[in-house]
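Order of writing sets the labels: A, B and C. Residues in every chain begin at 1.
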Amino acid sequence: MTQVLEIDGLTKGFSLHHLEKDIAAFKDISFSVAAGEFVLLKGANGAGKSTLLRTLYRSYLPLAGEIRFHSSHGLIDLARAADVDVAHLRRTEISFVTQFLTARPRVSAEAIVTEPLRLAGWDPAAALDAARTALERFGVKPDLWAAYPTTFSGGEQQKVNLARALILPQKLLMLDEPTASLDANARAALVARLQELKDQGTAMIGVFHHPDDVLHLIDRIVDLTPEYTQTGGRDDVVL
Amino acid sequence: MTLTLNAPRIVETRPLLEVHGVSKSYGSVQAVRNVSAHAYPGEVLGIVGESGSGKSTLLRMMNLEEIPEAGSYTLDLPDVSGNLFELDRFARRMLCATKIGIVYQNPHLGLLMKHSSSGNVAERLLVAGERSFATLRQAATEALDASEFPLDRLDAPPIELSGGMQQRVQLAKAIALEPALLLLDEPTTGLDVSVQALVLDTLKRLQQDRQITMVIVSHDLGVIRTLADRVMVMRRGAVVETGLADQIFQDPQHPYTQQLVHAKL
Amino acid sequence: MSLSTLTKPWEAMSYGFLDGSAKRELRRKMLKSVAVPGCQMPYASREVPMARGWGTGGLQVSLTLVNPQTRVKVIDQGADDSVNAASIRRFIARVAGTPTTMDTLEADLIQSRHRIPEEVLREDQVLVLQVPNPEPLRPVQPNMSIARQMHADADYGRMWLQLYEQIVRSGRVMQGASYPSLVHGRHVMTPSPIPRWDVPKLHMAEHLTILSAGREKRIFAVPPYTRVEPLVFSDVPYKVEEHGHLTCTRSGTKGFFMNEVPQDDGSSAFEVSDSEWGVKTIRARDGIGESRGETWYKDGEMPQ
């Protein structure tokens, strides 16, 4: 199996200077993800699941450890990579799907979905076509495509968000509770799209409130509960 | 204690803008001390800090309006070389007119308030040597249109326009010659919140359509968060922290940055 | 050897009214201004027995240049016989003993306010123009220190902007007199308040033109055979006043710059602005003799 990500001794905590306090988030985490593999992060609230994802995405700066990413430019340690390199990888190889769409005023749904393709150098017409297909797949009605998602409901916004985040197959995909406000149809579309990406070799790390949504996608589970950080198989998800 | 970051390894292009070790004082007040900054092509660098942190002085240096006592400034562009702080007045003026655009907080600094809006934009091209009236008119119209300025007010003088519209004229003037670098000094401060959102949106669009490298200075974190890819935090003339925008806002390291981020409404 | 052979006898004033050092300074500044065409040179404008703003700048240049053989012509708005022109002419003749003339062709030195004669000037003639306001940048840059820097940098964008604004607001360039012009491809000057009609006469002219502002203490020059190009957009041609088709009611001459004379019935009559040209035309018509020289404009058009 081709490794995509090797996490080694990763530690994160926060120094809150005004409280003169250090808060530990997680400590000495090690695991790896291969191409086409889906890893579920598990742990109680506050165990640091989202924090870990954000650290991997470098929204948070780790305190120690390595995040070795096998990029198309070779091996790079995301924990120490220069800001521009991280920004470049975010545009080209690493995606992060959050629970919320950061909608901007006066930007239409289809324009939002087109953006990643335009940044990757797609022709505008082809990008628009692909964007519409993706929106349709997630169940956004055609009359909303040209509308501004700032006024959409949470569920509809999330559909646009997913269409955008998943439109371009990336090497590494991180999912932070993407199913939170989705209806059943959209959830099915999401699972189908994830399966597609998985088959194309995208490595995935996810946090899900209801892991049964994506049950058959899961290859491995990483438990962040402080007492034992271990990895197990799909059968461990006993709910 | 966090990890020290490596030099870029994937991105091989040189930064478009590089400022190195600049210092400037006014009398006994040191406005900027030993500041270095860079911005890669197409990147938006945000500089935040409170009044008097030296951020505007730094921006004026990037526009060559102020020359520091020490330090260097380079732009990685064809036919531009050497430390730009050493250029003579003439070369400086031509460089600023053709390669750098600036939008000031106060439109009076950037605009001739009683000339027509289109004329304000055309002046840029006139300085660069354009002598055809039709071309000037066309270019001014296009730049104003790109700044989402209502074209039926093309020839209205800025003094008759609202604050948001004045900023659009400034923006059109700044981008008329398609500069490689766009400098924004508190471009939305003092505008109504709704107008502010529209101006920011215009800037964002422009950045995406044209891939202009931008440096934006603001004390308003919302503005920086909306626009910047990377953020530099300044205090008392020095840089306290730099990082990716989301990192600065979600995981600020320096006590001052934490205080700044947490003070945001 | 005695004291009287070494000194000159007492005189009420120096030759040509101005003292030697004043004339020396003016000569130097004139040489400088010829050396850098269109560039304004500061000078210490002296007192002359005339109010500032009435041609003192031109007068000082004339007084410096004349010798007892110089034939002097003075015109005011094209007329040799206005009070101001007559006074200046008489003054120069009195303090410098020069012969005077009204005939453009006979004159060696022509001091003028607001006009260039219609007859072509020659290499051996000097035109002195009186300038009220020598700074073309004043309307766009009130700060004279900055204006000087702008000249130094050839930073004339604002001048063009002014023209742009006029076309946008009025559909055409509104600048009448003092049309800003680029001299020798380098300095923009105001050619004193001569009409647009006269500006092309300065371009590659055979004669030397010296422009002097007494109140503002600035002198500048257009040497012979120097380019003088009015600032225009490449696609909006320079236009002179539409006088080419007008006929002078007094002399019947046609195709020259005219003065408009409003009539009681609301209409206008026109008479030629260059009064001596009118006089010569009348003389020719009455059979007294042809004395008219070649003119810049032919049939109301300036040949390219």
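Throughout what follows, contacts are C-beta pairs under 8 Å (C-beta built on N, C-alpha and C of every residue); 3 or more make two chains touch, one makes a residue touch a chain.
Note that this is a predicted model, so its numbers are computed, not measured.
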Centre-most chain, if every chain is reduced to its averaged C-alpha atoms: B
Chain of greatest Cα-centre distance to chain A: C
Gap in Å, rounded to a whole number, between the CA centres of chain C and chain A: 79
Distance between chain centroids, defined by C-alpha means - chain A, chain B (Å): 33
Where chain B and chain C are represented by their mean Cα positions, the distance between them in whole Å: 49
Sites on chain A touched by chain B in the complex: 14-18, 54, 58-64, 71, 73-74, 76-77, 79-89, 104-107, 115, 118
Interfacial residue positions of chain B with respect to chain A in the complex: 1-11, 40, 43, 197-198, 201, 204, 208, 226, 229-230, 242-244, 246-247, 250-251, 253-255, 258-259, 262
Complex contact set, residues of chain C against chain B: 149, 153, 155, 157-158, 160-161, 164-165, 167-169, 233-236
Complex contacts: residues of chain B adjacent to chain C: 89-90, 93, 112, 115-116, 118-119, 122-123, 126-127, 131-134, 136, 155
